[in-house]
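Paired with chain B in one complex and with chain C in the other, chain A is shared by the two complexes that follow.
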Partner chain A sequence: METLTKEKIEKGLAVLNDHHDSKLLTHLNSCVRCGLCAKTCIYYLTDPQEKNIPAKKVDIVSSIYKKYNTFTGKVAPGLVGARTLDEDTVVEMVDLLFGTCTVCGRCVSHCSVGVDISYVIKKGREMLAQMGYIPETLQSTVNAALVSGNNMSISNEDFVETLEWLNEDLQFEVDDNTATIPLNEKGKDLLYTLNPREPKFFPLSISAMAKVFYAAKESWTISTKMYDITNYAYYTNHNEEAKIIAQRLYDEMENMQAKKCILAECGHGSRAFRWEGPNYLQKEYHFDVMTSVELMAQYIREGRIKVDPEKVPQIVTLHDPCNLARTGGIWKEQRYILSKAVKNFVEMTPHGIDNYCCGGGGGQLAMSEYNDRRLKIADIKAEQIRKTGAVIVATPCHNCVDQLTQINITFKLNVQIKTIAEIVADAIVLESKSE
Partner chain B sequence: MATIEIEDKIFEVDGDGFLTKPEIWNEDVAKLFAKHDGIEEMNDKHWAIVNIIRRNYEEKGMAPMIRVICKETGLRLREIYELFPLGPARGACKVAGLPKPDGCV
Partner chain C sequence: MEWYYWLVFGSLTICLISLLVHFVRLVKLGKPKDYSKQTGNMNAAMKYAFTGSMSPTKKESAFLYLPTYTAGILYHLGTFLAIFLFFLISFHMQIHGWLQWVIVGFLLVSGLSGLGIFIKRLAKSELRGLSNPDDYISNILVTLFQIFTALVIFNPVFLPGYLIETSILLLYLPLGKLKHTIYFFAARYHLGYFFGWRGVWPPQ
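The block that comes next holds the complex of A and B.
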């Protein structure tokens, strides 16, 4: 690793010294070591070592706090488990906070005293970010976004060509040569966003959403300048970089003069823009932000689109993205949609806000060095899916889709992985033109 | 640095199994990597996809858009997903010897 200089140490400690943050002090000092969190964590459940207990991840951050910010920690560190921020500590922090946590927050909802464990872990990541110890594999995706404007470095020309190609596909699918994917149209009701992996490799979800918008006769547009819903700096916890990325979408909302920003099916991206964004930017949004899942539920509820469950007769189960369901509180809408759009919906156990992480969250999908762990923790999700007997696994998050696709192959589940929009598009009943 | 051994040959790879030295790639490497991912025999369609990905990488330093793969090979989208069940990134790009793409893949 790169040398830990005095300057770096000061930058790391400054994160803990921010006394404006009363939440941090409370949560750093409240763990009662009851151990309840152990069996809520997919890392501990699949590899029951002490270091994998969520409380141990809180402990490494709080032990550094004690060393530099408390009297006993300074004079008798051994008594209170205070720990010096040295190279060994940094190596362990990287391993525990980046390499052994998907920041899924399941431990938080089971904590006996309500410690926001994810928050402390993210503060630890923030220290590492300030010191320059973000895993390169993760930072690479942030850099791609910072340099190119989207996290897969898609050129503007390639993006436009892809959407034009999908536009032809849409016209064929709905049998209407006036159907369009509107690009860069100002003053529409909705500005729709995408995860760059959609135009790059997996465009079926774009086609699906375009079909839904067509059926709903929606006033919408996509900006070719800024469409990227992701914000990997949310994972690295380099908040200045997270701010730059969030600011771009905010600026594009202003530029396009849309009334609502509709977030593609992306857990962390939804969280980073809708819920963390106003904190990054230090301002309230003057426009609405809504996930496409909520929007589709609304369309069905209001009768703006019609769906026929007979069109999706297979057994469908649902995976809950942590950032959307557990921490975002959006877990009923996708169930409402499936209750209307598929014939056989089966819940996995547990589900909703208590569901297990797929294993790809927290930036794990990008960090190749922890690939073996990522597939080991996935054992739990594979079993959950297997027990449902489902043929289709739906999930409103592209990051989860990728991890689930790998789980599907690795554990030989033989299922199909789909976004909610893809399911809705399959079930949709278009008005006949004669009407 | 991780390594994988396929049929007595050892390759340096990242944790996800992507070649760390894309320049050592050749058709034999592609066949071995495909086999490692459960594709026993590379057919003409597999090769068409891998070759267009490889060419794009050598010319532009990155994987092509899926649109380009469809256009150049004449294959339908769903056919590509069937040929490479892990998808264009983790499946086809890996066989084509590219480094792991950035983003949610």
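The block that comes next holds the complex of A and C.
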């Protein structure tokens, strides 16, 4: 660990004094350490020990706050558990706030008081970001996005080549030589974004969405300059870097003169751009932002696309990404889609805004040093899936797809993991050319 | 007026001023400014934040820990009752007959609930590790407040002890976790704001 200098300490502590409103002060002073949040957390459920109680994570941040900002903490630190921000504290903070939390927020709505535990944890992460103690593995993902324009460092040439190949694939799939994946076309109704995992590992999910757009006769385009919906600086809580990444997509929306920005199936990316983005940028968007899940639900509702559930006869269950459902308010749309597009839909228990995290959130997929923990907490999700008897697990998030794929292998679930677009593309009924 | 009345009124004044400082600071810092496009119904979310979301059927912190949750509810109800009775006792109002016994009985139950929570914190290693002296002191002061209230209703001979204990509680309240008296409401407000803005609360 790099030496903790006085300057770094000051930067870290400044985060706790940076009040934009009463939220930070409120949540730093609200936890009563009742410990009743313990069983809401997948880390505690799979490894019941003190450090895995969400309140412990709140405590390490609020104890520092007390030490430097409260009368009791300054005069009698031992009385209220006030802690000095020193190297030991930093090491523990990294372990608790990055290594033992997916920031899924499940503990928040179950907290007996109403402490926004995720918010406090993210403030702690912000302190570590300001002090320069972000895990290198996670920071390297942010750096890749900052340097190359996407978190997978895909070159523009490779990206265009992939899309050209997918274009041919689309034409073959829909049996129409005029079908196209439009690139960099200005003035279209929609600018569609992607999770870079798609061109890199899951190109068929791009084909699937292209097929949906084709069937809906949509006016859309993809920018080859800025298509990355992800924003890993949302996880590091380095807000200046998060702002740079959000600004790029904002600028590209202006450059492409699109009316609406469509967020690909990515939980944290949707949250980072739709909900946090305007706050990073300190301005309201003058364009609409919508997730592709909402858009597909709208297409089905309006009859712009037709789906046949007989085409997807297998048992399908749904995993709700935390950032899309619990903190994004999108959990009815994917259910509406599946109710129309698959024959046998089975819910997990619990589900929706109360769903368990898959274990891949909070930047965990990028932090290989915590791989063992990530797969251990996945036991909960594996059991949830197993109980449904599903053959297909649908999820509107590529991070979740990645984690669920690893869960599938580790826990030998023998299921298929699909995005919602892939399900819709499977179920879609294309108009015959004669019509 | 006896000295212990002066003590308790002085402590009450200090306590109220301290809590007022916390409250004014919260108000001055103000409500969040969110630049994202609101999709939810804020009024409905706020209502839900202070009602439905706290239902024991909605919170795992309640239904997975029913004995602790029940003890906690009784303990808090006992505290509210003891606060109400504090003002009656301070103004020399007396309670007689069956009501006296009902109140004494309830305060003993709520006080025992507080004691139960104290023992749980002490006995469970995870909770012990999570706790600091403030957690134990806060619990003991509030539990004693309820017990002393019961005693003084039962027999006024306990009045000096009751008022001294209450004074200590009032002076300690703004210093530690008991100030959640104020912050609890602010936390519910912010939760309602956050989830309401995004259309998560109230769940439909």
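General remarks:
Going forward, the second predicted complex is superposed on the first by the 432 of 435 C-alpha atoms of A that agree within 3 Å, B and C clash if a C-alpha of one lies under 4 Å from a C-alpha of the other, contacts with A are read in each partner's own complex, and residues count from 1 in each chain.
Keep this in mind: a contact is a pair of C-beta atoms (placed from the backbone, for glycine too) under 8 Å apart; a residue touches a chain by one contact, two chains touch by 3 or more.
What you see is a predicted model, and the numbers here were worked out from it, not measured in a lab.
After superposition onto chain A, the modelled positions of chain B and chain C are compatible, with room for both. In the superposition on chain A, A:37 makes contact with chain C only, not with chain B.
Among chain B and chain C, the chain that touches a larger number of residues in chain A is C. By the touch criterion defined above, A:19 lies against chain C but remains apart from chain B after alignment on the C-alpha atoms of chain A.
When the two structures are aligned on the shared chain, A:277 is found in touch with chain C, with no touch to chain B.
In the superposed model, A:188 lies in contact with neither chain B nor chain C. Residue contacts after overlaying the shared chain place A:319 against neither chain B nor chain C.
In the superposition on chain A, A:340 contacts neither chain B nor chain C.
Of the two partner chains placed by superposition, only chain C is touched by A:50; chain B is not. Superposition on chain A places chain B within reach of chain C only down to 25 Å, the least C-alpha distance between them. Comparing the two interfaces of chain A, the one with chain B and the one with chain C have no residue in common. Partner chain A is touched in their complex by these residues of chain B: 14-18, 38, 62-63, 65-68, 71, 77, 85-90, 100-105. Every residue of chain A that touches chain C in the complex is listed here, in rising order: 19-23, 25-27, 29-40, 48-50, 53, 55-56, 59, 71-72, 78-81, 108-116, 119, 274-279, 281-285, 288-289, 326-329, 332, 352-353. Listed in rising order, the residues of chain A touching chain B in the complex are 137, 140-141, 144, 151-154, 158, 161-162, 165, 195-197, 199-204, 230, 266, 365-372, 398-399, 402, 405-406, 408-409.
The part of chain C that touches chain A in the complex is made up of residues 22, 25-27, 29-37, 39-40, 49, 53, 58-62, 64-65, 68-69, 72, 124-127, 129-135, 137, 175-177, 179-180, 183-184, 186-191, 194-195, 198-200, 203-204.
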